[in-house]
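A, B, C, D and E label the chains in the order they appear, each numbered from 1.
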Amino acid sequence: MLVVPEGAPKPVVRVMRYDAGQVEEKPVEDVEQLAALVVGGGVTWIDVQGFGDPAFLERIREILGIHPLAMADVVNVPQRPKAEPYGDRYLVVTRMATMLPERRIHLEQLSLVIGPGWVATFQEDPGDCFDPLRERIRHGLGVIRRMGADFLAYALLDAVVDGYFPVVEELGGVLEALEEEAMEDADRATLGRIHAARRLLLQLERLQWQQRESLSGMLHSAESPFSDPVRLYLRDVHDHAVQVLDVIETYRQMTVGLVEIYLSSVNNRMNEVMKTLTVVATIFIPLTFLVGVYGMNFDYMPELRERWGYAAVWAVMLVVALGLVYWFHRRGWLERGDGGR
Amino acid sequence: MLVVPEGAPKPVVRVMRYDAGQVEEKPVEDVEQLAALVVGGGVTWIDVQGFGDPAFLERIREILGIHPLAMADVVNVPQRPKAEPYGDRYLVVTRMATMLPERRIHLEQLSLVIGPGWVATFQEDPGDCFDPLRERIRHGLGVIRRMGADFLAYALLDAVVDGYFPVVEELGGVLEALEEEAMEDADRATLGRIHAARRLLLQLERLQWQQRESLSGMLHSAESPFSDPVRLYLRDVHDHAVQVLDVIETYRQMTVGLVEIYLSSVNNRMNEVMKTLTVVATIFIPLTFLVGVYGMNFDYMPELRERWGYAAVWAVMLVVALGLVYWFHRRGWLERGDGGR
Amino acid sequence: MLVVPEGAPKPVVRVMRYDAGQVEEKPVEDVEQLAALVVGGGVTWIDVQGFGDPAFLERIREILGIHPLAMADVVNVPQRPKAEPYGDRYLVVTRMATMLPERRIHLEQLSLVIGPGWVATFQEDPGDCFDPLRERIRHGLGVIRRMGADFLAYALLDAVVDGYFPVVEELGGVLEALEEEAMEDADRATLGRIHAARRLLLQLERLQWQQRESLSGMLHSAESPFSDPVRLYLRDVHDHAVQVLDVIETYRQMTVGLVEIYLSSVNNRMNEVMKTLTVVATIFIPLTFLVGVYGMNFDYMPELRERWGYAAVWAVMLVVALGLVYWFHRRGWLERGDGGR
Amino acid sequence: MLVVPEGAPKPVVRVMRYDAGQVEEKPVEDVEQLAALVVGGGVTWIDVQGFGDPAFLERIREILGIHPLAMADVVNVPQRPKAEPYGDRYLVVTRMATMLPERRIHLEQLSLVIGPGWVATFQEDPGDCFDPLRERIRHGLGVIRRMGADFLAYALLDAVVDGYFPVVEELGGVLEALEEEAMEDADRATLGRIHAARRLLLQLERLQWQQRESLSGMLHSAESPFSDPVRLYLRDVHDHAVQVLDVIETYRQMTVGLVEIYLSSVNNRMNEVMKTLTVVATIFIPLTFLVGVYGMNFDYMPELRERWGYAAVWAVMLVVALGLVYWFHRRGWLERGDGGR
Amino acid sequence: MLVVPEGAPKPVVRVMRYDAGQVEEKPVEDVEQLAALVVGGGVTWIDVQGFGDPAFLERIREILGIHPLAMADVVNVPQRPKAEPYGDRYLVVTRMATMLPERRIHLEQLSLVIGPGWVATFQEDPGDCFDPLRERIRHGLGVIRRMGADFLAYALLDAVVDGYFPVVEELGGVLEALEEEAMEDADRATLGRIHAARRLLLQLERLQWQQRESLSGMLHSAESPFSDPVRLYLRDVHDHAVQVLDVIETYRQMTVGLVEIYLSSVNNRMNEVMKTLTVVATIFIPLTFLVGVYGMNFDYMPELRERWGYAAVWAVMLVVALGLVYWFHRRGWLERGDGGR
């Protein structure tokens, strides 16, 4: 018996069946209709969204002849991306990425089961990135209507992998913003944000690594259901996955630099604090000493008796202070914001 | 002759024998009974807990036909996880993980010897994670009663690997608590705790790495006793082991970030100490200079003779002090807790 | 239908056709002429610069019999460097590097399609590094006129890889300048510059890594169109790519050292600030105490009554000050610029 | 001609010859006796300790038919651990580890040459870890007397690898002591000691890595002289070597943490110094300002004329001081040893 | 046409021809003589030093039948170490290392071309490390005179690899000196020296890595010209290269520790500066406050009127000062050079 995630939405099944000549598209209410839809010519795409009815899913499993273990991987999300043969069914587990508002990333498992003449896709929540693909099927754009089920599987995987490009672009923007923040305006939360970004990149890197391995298996394994002409296309998807992985790895390396910039920024502030203290103390401590001298109560202190004494002390103090200010200026200690100099 | 760990508890042997139709379960007091239990049809599970009687164990070894080196690995705990053929016996060494109170982790070696029609399990201390499995056998849940000894071995390994999930989840909680502690309340012991967590993760990572290798060997080796249908199931266990390893590696990477947060937290405190000193010194040092000026004893100091002199000095001092406070406020040096700004 | 980058310049096609005896060179205005140029003996080099006319490019694709996926990789720049067979066409994607003014590096994708008796090169913008090669073909220098299309492809790849040597040399100069800056004159922007250099090196390293892999595939793959004698030459290009990669890796390692030097430089400045404060405060604080003593108003303070009192205090203060200055001098705290001592 | 290390002790040769029924043991004074001892049934162990007589060793080499290069590796210590066939002789170079007093580790090369029916062991200095093995042979304990020369070689390697366990245990103790020292009592020498430990672990790791590779070669190579039943035993030695390597790697990782603890410990002290300065300065600087105010010489300062003036100033100063002390206490700056708070 | 480095010295060619019975040695003035020298029995060593005459080298190339690409690698120094077959010629590129005065290391490319019955060596500058080898050939020491050209090539490579041992030993001395400098006497140049050493080690590591790969190719490749008995000897050279590589890697790891020691040393100095300031300020600030109190001008300050007042203040100040000194002493702040405590 299948165990499904609690609170999962009810499954909605849509079937799309096409060949070079025609397209038929309809929602499936009664699961028993499926049996008739996957036999005969053409390609059938069974699209299942929502896992909220175990008996329903179990029946789909039986009708499509999917191995119980494969179905368990489909339902118990998240599994790591992988591609595994189960007799003449082929299970591909992958992860779709989409941007949510406020720069949050949403990752959802998409599982494909490829059978003879059909592809079944399973996802936990409604909504996906396949609408352009559906349009292309409906209007017969490109070669998809003239190809088999393996080409449909390729097109789905292509859409999934291409969905990562806007996500990594967004992440690039996040890192640039963090770099600016670390340089100009770092506070304690900055470091937390950098580490959160690093953690996310680490997670994406592992995911994409496994995705690439899985695609590599589909390309090179003898048990893969992809025909040779479609493998040429799949090689392209593999290339894109490698490109995404490359960018993610570069970004993760950059976070190390961000921490360095943050720490150096904090250090610069400490430096400024110390310079402020030093400038003030170094100017006034000698002056205070001087006025202390003439606060002494010796009976015999000739300067105190002179009329010009007081003015002379002020003059000396001014010279000392200006001299020190000039010296600090020359060492660059008076400019703010130029922390490191 | 077997050498057993000192102070080991006496061995307790329980035997469970089943086929599709029936289940028989009994403790074994006299070791010689075993010989009769492992022949004939069905699957026999010999469960040995405690190593405190070398002669008894040696006799089990002889009856089950286990190689002396295999038995040595069983008894001399801990061995690293591995899977090794000894003729038609197959030794699997693995490690069970359970959470103890106060977030301590208990690791105990479980050794499986797989023979024709039977599986023998050995562990040092009583208590294990197999009660749900026993229930499934007793009540014939799932397919286990219809399968052979290799499926029993799979089910045992599955329970062992799945036992790691709550442990790594707990570790995730520990790391989160440490991150908060490092940010808000770091003292010297924090660094020690971070390093202890890192050490534990390092140890678990190695362990899980070897577990994965061992499972990979069972999956792909020609000498592995697992039949093809059971290997499909075992592939699942392998997947779970990889998932556990992934999480552990991610956690270990996170500890590097924890040290950075800790150090930056300590740095922030130093910063606050310095800012306090700088604010106090920078305000009072000029004022002290000023009062020093009017503490001088020159005969001719016209201000001293004026009635408004004293009040004017106070006024000047107030303006200077307030000006500096305003300047510090604008630079953000007066807010506490915002260490980094 | 091909999708080309927006705003791409119009394609300019030049064809060069040669054999041991003669060279023919002409621009191609009407794409249909191409069909006649690639048949018959000799080697034809079709050089396409600019992607601004999709229909034109699509027609070239058809005439040359290039797979649509290969053409997509040619046009959708940048792709990662790779070498892939498409039936009896062979696609090589590579990246040319040139120095722009102000030490900026320009990377442009160059795609080669190798067919029977011809090589087609594609690049987005006009201008390349092949003029010396064209000269060698025109004047029959070297063996190129006596060799086939695979030798032409080798010669092109050789020029591309050799184009990296001046670039990495320039980068070496940049790193040396940064090292000097980090040591002598580090300000906050220095760290940014170091990280920018690191990022660039990271990117070049990945690129060159893939270039090397791609060359290795051309050398060893059974589907590679290079004949055995030409592979000897190609091995040379592979060697050069490895040398470039080596230098880049060494440079990237050096940036780690640059950050250390920068941080230590900033630290040295903090050290100098602290030493300044310490020297000034340590000299004047005891003196200020001393003059404070004789500013007390006790009725009975015999020194105050002595004629030599004032002079004696000055003498004592001079001795103390000079003693401290000597002590600081001996500890090396008075020398500027010798930050670390 | 063999070149031997200068000042090497004179070689002492002991021969042990045994089969299932009997044991014969004798020192060999005249090298020519050896020829007679290695022919005929049984297993012969030729144990050579000391390299001080090149002619003697050269004659042994000739009698045993060892390749000159193999003999050069035996004598020119230290070589890296390896296993190499020389025709029907098999050279194994390994390294024995023993603890000397004061936690120093002594590493000595042990070379084995395995020939048909005999094993020759060579070491530079007298003394080894094989006495328990000799006892087992003398008294026929275990299976050794019933096995061939390859089992003797296994038993020797087993003793060598097991000799590492007490050494790594000792190193674990050293690291724990260093961790405590780094936390409680770090001075400059601590860092030196940590680096020395790291260097030693690095060296041991390389050594053990090579040892493992060499054992792996003996297990899997077709040229290895070990029979299949003995390879089961050798697999055990390989396992132990892997375990030792694991512990060493974990220890080396720990030294990174030790440096962090040391640096943080030093940082804590700096923190304490700064806090001391800040507390003292922050309390007294305002008070000094206050007393400065009433040291001014204005003619009109009404407070000075009041009887309660002096007492009031003291009262104010007490309130300020106590208030600051209370504020410091609340921030935790007054507790010593709690460096990080 | 060969392109040679500018300003290269004129080539000097010496030929050594030997077999078991005799040795013939002579300089070659006229390049055409060479043709006669490489035919017939025995082994011929053609030793070319200096590349200053392209036509001369080109003629050598033709006479010896060397591929133009191989000759280009010989002349265009430096190439990375490698071993490559060109038909029945075999090119080995390697690098000789020698120590120059002042601990500088000189690296020079040595190229070997191995043909049937001869070995040609090429180097840019006169002077090499082969004189002991020449002596051995002249006097028939060892087996070299009885072996073929492959043994000569082995002997040359052996000399090259063994030439690294004194170099790495010297580097070990450099690192030890740097460690002492970093601990005792670090100034800003120290860090620069550490990074220079790291850079050099990095370069040597890459070089030696490639050297090892190249030797491994000679050992295992089917196209290698080395006969089986000579491969036993070559295995020895490979071992030595691995040993050199091991030491270099260990040294490079050590430089990381050196930077830590340097930084901690600089930190210690900062610590001392801060402690000096803190000790002086903490002792004198309270005293200055005290004398300030009795500098106040209140009409009613009874202590001022007492005869013992002044002495009492001195007494109190002495007690406070001594108390603080004792307290600092107990915390260990007064000892110099014990930076970390």
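The rule is simple: a residue touches a chain if its C-beta (ideal position, glycine included) is under 8 Å from a C-beta of that chain, and two chains touch if they have at least 3 such contacts.
All values reported here derive from a predicted model rather than from experimental measurement.
A.B. asks: Using Cα averages as centroids, what's the distance between subunit A and subunit E in whole Å?
C.D. replies: Inter-chain centre distance comes to 42 Å.
A.B. asks: Centre to centre, by mean C-alpha position, how many angstrom separate subunit A and subunit C?
C.D. replies: About 26 Å, centre to centre.
A.B. asks: Among all residues of subunit C, which ones touch two or more of the remaining chains?
C.D. replies: Counting only residues that touch two or more other chains, subunit C contributes 270, 274, 277, 281, 285, 288, 292, 295-297, 301.
A.B. asks: Given which chains touch which, is the overall layout a line, a ring, a star, complete, or other?
C.D. replies: Contact map by chain: ring.
A.B. asks: If you start at subunit B and step next to subunit D, which chains follow, in turn, all the way round the ring?
C.D. replies: Counting round from subunit B, the next being subunit D, yields B, D, E, C, A.
A.B. asks: Along subunit D, where are the residues that touch subunit B in the complex?
C.D. replies: 183, 232-233, 235-236, 239, 242-243, 246, 250, 253-254, 257, 260-261, 264-265, 267-268, 270-271, 274-275, 277-278, 281-282, 285-286, 288-289, 292-293, 295-301, 333, 338-341
A.B. asks: Could you list, by residue number, the parts of subunit E that touch subunit C in their complex?
C.D. replies: Residue list for subunit E touching subunit C: 67, 69, 72-73, 79-80, 82, 84, 86, 186-188, 190-192, 195, 198-199, 202-203, 206, 259, 262-263, 265-266, 269-270, 273-274, 276-277, 280-281, 284-285, 287-288, 291-292, 294-297, 301, 303-307, 309-310, 313.
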